[in-house]
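After this come two complexes, each holding chain A, first together with chain B and then together with chain C.
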Partner chain A sequence: MIAARTVWPALIPFAAAVAALGLILAGLTLVGYAPGEVLATAWRGLAGSPLRLGIWAQEATPLLLTGLAAGLAFRCGVLNVGTEGQYLMGAVTALAVLLALPPSVLSPWLAALAGAGAGALWCALAYGLDRWRGVPLVLSAILLNVVAARVLGALVEGPLHDPTTAAPQSALVPEAARLGALLPGTALTLAAPLAVALAVASWLVQRQTALGFEFTVIGLNPVAGDLAGIPVESRRRLAALGSGALAGLAGAFQVAGVTWFLSGDAQSYGYAGIAVALLGRLHPLGMIPAALFFAGLDISGRQWERRLGIPHDLGDVAKGAAVALVLAAGFFRGRR
Partner chain B sequence: MSAGILVDALLTGAVAAATPLLVAGLGELAAERAGVLNIGIEGLMLAGCFAAFAVTAATGNPWLGLGAAVLAAMALGGVFAVVSLTCRADQIVAGMAVNLLAVGGTGAAWRILQDRGLTDLPAGSGFTRGWTGIPALGELPVVGPLLFDQYGMTAFALVLAGVLALVRRRTRLGLVLHGVGQDPHALAASGVRVLGVRWGAVLFAAACAGLAGAYLSTMRTHAFVPLMTGGTGFVVLALVMFGRWSVGGLVVGCLLFGLAESAQQGLQSLPGARVVPHQLFQALPYLVALIALALAGRSAPGPAALGRPWPER
Partner chain C sequence: MNGPVPPPRIAVAGVSKSYAGIPALDGVDFQVPAGVVHGILGENGAGKSTLMKILYGLVRPESGYVRVDGVDLPGGSPAAAARAGIGMVHQHFALVDDLTVVDNCILGAGRGLGLVDRAAWAARIRQFAGRLQWTIDPQARIADLGVGQRQRVEIVKALLAGGGQTRVLILDEPTAVLTPQEVDELIPALEALAAGGTTVLFISHKLHEVERLCPTVTILRRGRVVYDGPRPERDAMTRLMVGEVPPVLGLHATASPGESRLEVRNLEGGGLHDLSFTVRAGEVVAVAGVDGNGQEPLIRAILRDARAVTTPGLAPEDRLGGIRRLGLIPDDRQHEALVLPLSLRDNLVLKEHRRFPFATSWGWLRLGRWRAHAVDLLTRYGVRGGGPDTPAQDLSGGNQQKVVIARELHRNPGLIIAVNPTRGLDLAASADVLRALAAARDAGAAVLLIHHDLEELLAVADRVLVLFGGRIREAPSRERSAIAGLMLGSPTP
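Moving on to the complex of A and B:
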């Protein structure tokens, strides 16, 4: 009985992922592609060699971190839909630190700290507007996402601009200041094991500590939490700050270890993190397969586009469909 | 340039920028009055924006494009309604899923359009300014540039605003809509199908968002670029709240925001403006929206049941 009740819900995201993928495959079959070839292309791109597997893990890392960020806040009932802005502010702050400090082994870690701090501050701004000025967090966070993208654009073309090019992109982080690759040929860095460790840590905090229990209670029913003597506001503040910090960390690691520069181009790891969190049913460990699924769709999409001429954005459609299916299956019911 | 022309340009630009916000905002207002907060409005606008462009590019008929925009946005709005109303998932996360679907769907479809070489509207197929067809009207002082030298959507938005205000004040439908968002229990007890009303409101809001999107790609500009809406839908959400969930408040909010947007563009073109990065000018309207909301404070709560599922258990 207990087994049935806990196992079934855990299987829903997997079923949703398969169904979403099936939907895409069915659509492609209808317009004349061979589903076997589509799948084989995806598989070769994902797991064709150890190098490919490394790239898969590399791509999943920022998604796992932003997923953990969104999940931490959502579990506590703080609907931080501002992970995108927090990710961007984390990335650009880390970049500024990396470019300003003399390069050393410590640089990427200082940048990670700065990025996490910037993400937390950006979330604190949204949270403060909610708490003290009555602007709903959902609105303040989502508007600050747009502002963050513009701020990043201005910094990238202004103080952080690469003087050797006219393109709107920042200078390159010096090699000595980068986070080293664990697997040559990829940008798989220590960020990946660290993200997994953070997922495990989140799960342990959620399961084993009073704090984790309080977060869960507040998320399920803040009134009950308040009556039980939980300091609801201070816990929510903590969840918001932690959430922003994780999103900022994701951006910082991406700059220090993967891209080494920033441009004004649209990014979406922050938005995708919300979807990863939902697909993982807000379970820190569930977000690991969810992040791998999303990263897998990104990589497969690019492979499909290159080899078969299928638009890579179809991967995004599959993401949206998977999340919609998980929600439709009764997860994250609207709160009272 | 004389000051008069400058002011004229500023105001014309303000109305042009306010129009899509008002059209989408009126729909969202109706939905929120019925208790449904749809963050996915950004995605619905994007879907409408793309569908209008694609169908106009393919057929050369902008009216067909307009229809396609409404249908595409309503289809996506239907997905939102199934997930958030029928399956009772949290409205905010359901809205985020809709945004994701719209970004992916329009991105993929845009590639297909590019492959077929349909990246421009056929010459003369987009809508043109001066919806009355009488150029003289556009030259009238004040009302000319504000009302007549605009796209038809502006006139439609104002009519729709009037109709919605009337419906709200004078009809049973208006009362029911309000009640469903305020106290669904009471309405259900008196025999109103709460879910049905909410479904209707969501689909109406989707249609409006689709029209607003079409305005962006077949009227204000005759082009589409991926992620074209760039946060406009989120501003609409802010404006509905800023306007205290009233039609009049929304109209005022949209005009103020349109003015900020128009002024932002004007400021950018001033000779000394090069010192300030243009992105900061682009961020200005969003900051204005945030500051306006922050100053407006929490004096008027929204519909009591906003964002809550029905039935509650």
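Moving on to the complex of A and C:
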């Protein structure tokens, strides 16, 4: 019974990932690449040295956080597809804090708090539009993604602009205010272990607390939850705030530890988080391999382009294929 | 015998179908000639809906055949059934709310690509409705129509889908959602259809309607035909439908009721008018009535703690506290009571999941206790078909309801509210549910039973209230015909 109900569905994402990779390799083989070389290139790029491993983990960190953000909301039936906007608002708010406050060891952590708060507020805005103005959350959240990108653009060209350049980019966070690297040569910071800790914590909340049980019940059947005395509205609000905060935190850590500045260029960690959540079948621990898979394809795509001349978009094709396969494999069956 | 005898309009021979090894239909035979209204009767689970799905081509029988005017109906194809002239009106309407009557009818005809002449369709709709003495506005939006009108649209749609050549019209429990007046208007229309040569199969378990409409009947029990022929007397029909199992009767209490547990005083709104009643400890107060006469707003008012509703004897606190203290058996167990993908363990503890010993005061779950609790309740309430880890969706309807009852009644709540608690259950499972309610009452609970089935209701009710047109009246006696009269709005005798 255990084998049929719990182990098998958990294997679906892994099977989907392998199948998606197989698809890519088969395609590349058809057009004349040696599959062994493609794989070896990817492997060297990901795990060829401790430095490489560090970069892999660094790239997976924001994906894991935005994945946890999307997953938390989805499990509770709150379709927060606004993680991109919340990520951007978290990032720009953190940047403002880092530039405004006198640099200290505390700076990145204050920035993280501010970023999480901004993400939560941005999600609350979308949720409030749904709740009180009748705008479906999917719409309000997606549209606020666009608004957030504009707000960020205006800020990096306005109050946060780097006066020494004409390019639309912000000033650089002073070194003393940055989140320090754990591994020299990478931007692997404390954000990575913290993200894993948050994944474990999410899993414990989901599995072992009354709150997590209520989220699950509401996500699967809000009417039954309501008639069982669960305050559905307040739980959903909480899930929305928590989701926004996680997405904002991802943006804040990225600014404080990895990029140190922001430009008007598009980012997509927020959107990717939704895919990570789906690939991980909304299981917080499942999102760790899912985030590594996505980050791995990003890195490998770049390596393939540089060393083998394969367009890096191919990595995105594999991501899409994996998520589509997981969804096709009956995502809604046996979620718990 | 002079000349060739025409083949029967519809002939069903040796039709069998089973689900997961359990036979739903077992060698069903019957024939119906052209131009009659024929009743198909049976308890819930007798196989009526499976039979209808086979006639309409939704389900392919494992053996046997269906012939329309002597021609074999290919199984498993609704399109072929429609071509053969079979029309179907489902119990739950299949209309698109935002479209007009014309557009729904065009949709029902399934013309695929090509131009449609709405004016011609509208004219045909008026013409078909006129034959049945109905007026239907072809331009009306479905959302703006009442239930009775929607059903007329469904019937006209089914007739139009047959291109005016409908040979057999199947109506699945057509009166379940109608008011008595609407039923009165439906019946002559069906008779007019039959007079025009269409055979009407009228599926129902409402015997008084069958008596008004069907000269011949087929009675199913547990997937077999137990009777086929001229309509028998009421008592004989009941016996044939339910078999020799004695109906659950005489569960009403002898002791006198105690203190008041639920008081409704001058409740207004949502179509209710000045509703007042009291439910006391140790009594079952049943609310009888045809669906749609105020049941929904009444239930909502009670569950949402409308100001006119008080629950003395139960700590008022907030609504949530109130709901947790209620034993609530809602109308639709799959959507309102159970979380189908979750395990029985989770479903059985839901509502108490924050209470000791199922969680610490910090909200940390003690899942070992959940499991023991589930095992205990599953045994005590005789739930079959699964253990603590089985998802609720894998159980049969009767066992799902047992899970709901176990969860809601095991803590001996002071007040129980049950809404149509036997809906969709077979006779044995229904009897179990009614006994459980009676036992809870005997243990001192106040029970409010809002139920559509008068027979079952009378079996457990200590007092009967009748809801009609949003007003409530106490039935002067337990006499069935008097209560049925009140349900249909007759003035107090």
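Heads up, the rule we're going with is that the second predicted complex is superposed on the first by the 331 of 336 C-alpha atoms of A that agree within 3 Å, B and C clash if a C-alpha of one lies under 4 Å from a C-alpha of the other, contacts with A are read in each partner's own complex, and residues count from 1 in each chain.
As a working rule, a residue touches a chain if its C-beta (ideal position, glycine included) is under 8 Å from a C-beta of that chain, and two chains touch if they have at least 3 such contacts.
Bear in mind the structure is a predicted one, so any value in this text is a computation, not a measurement.
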Touch check for A:209: first (chain B), second (chain C), both, or neither?
second
Considering only touches as defined above, state whether A:221 meets chain B (first), chain C (second), both or neither.
second
After lining up the shared chain so the two structures overlap, which partner does A:151 touch, if you call chain B first and chain C second: first, second, both or neither?
first
Of chain B and chain C, the partner touching more residues of chain A is B
Which holds for A:80: it touches chain B only (first), chain C only (second), both, or neither?
neither
First (chain B), second (chain C), both or neither: which does A:231 touch?
second
Could you look at A:300 and tell me whether it touches chain B, chain C, both or neither (first, second, both, neither)?
neither
With the two structures laid over each other on chain A, which partner does A:138 touch: chain B (first), chain C (second), both, or neither?
first
Chain A residues where the chain B and chain C footprints coincide 332-336
Contact set on chain A toward chain B in their complex
74, 79, 81, 129, 133-136, 138-140, 142-147, 150-151, 153-154, 157-158, 264, 266, 268, 271-272, 274-275, 278, 305, 309, 311-321, 323-324, 327-336
Residues of chain B that touch chain A when the two form their complex
37, 39, 79, 82-84, 87-94, 96-112, 115, 227, 230-231, 234-235, 237-238, 241, 277-280, 282-283, 286-287, 289-290, 293-298, 307-309, 312
Hey, which residues of chain C end up touching chain A in the complex?
303, 320-321, 323-324, 328, 330, 335-343, 346, 350-351, 353-354, 359, 363-365, 367, 389, 391
The residues of chain A that touch chain C in their complex are 1, 5, 207-211, 213-214, 216-217, 220-221, 223-225, 227-231, 332-336
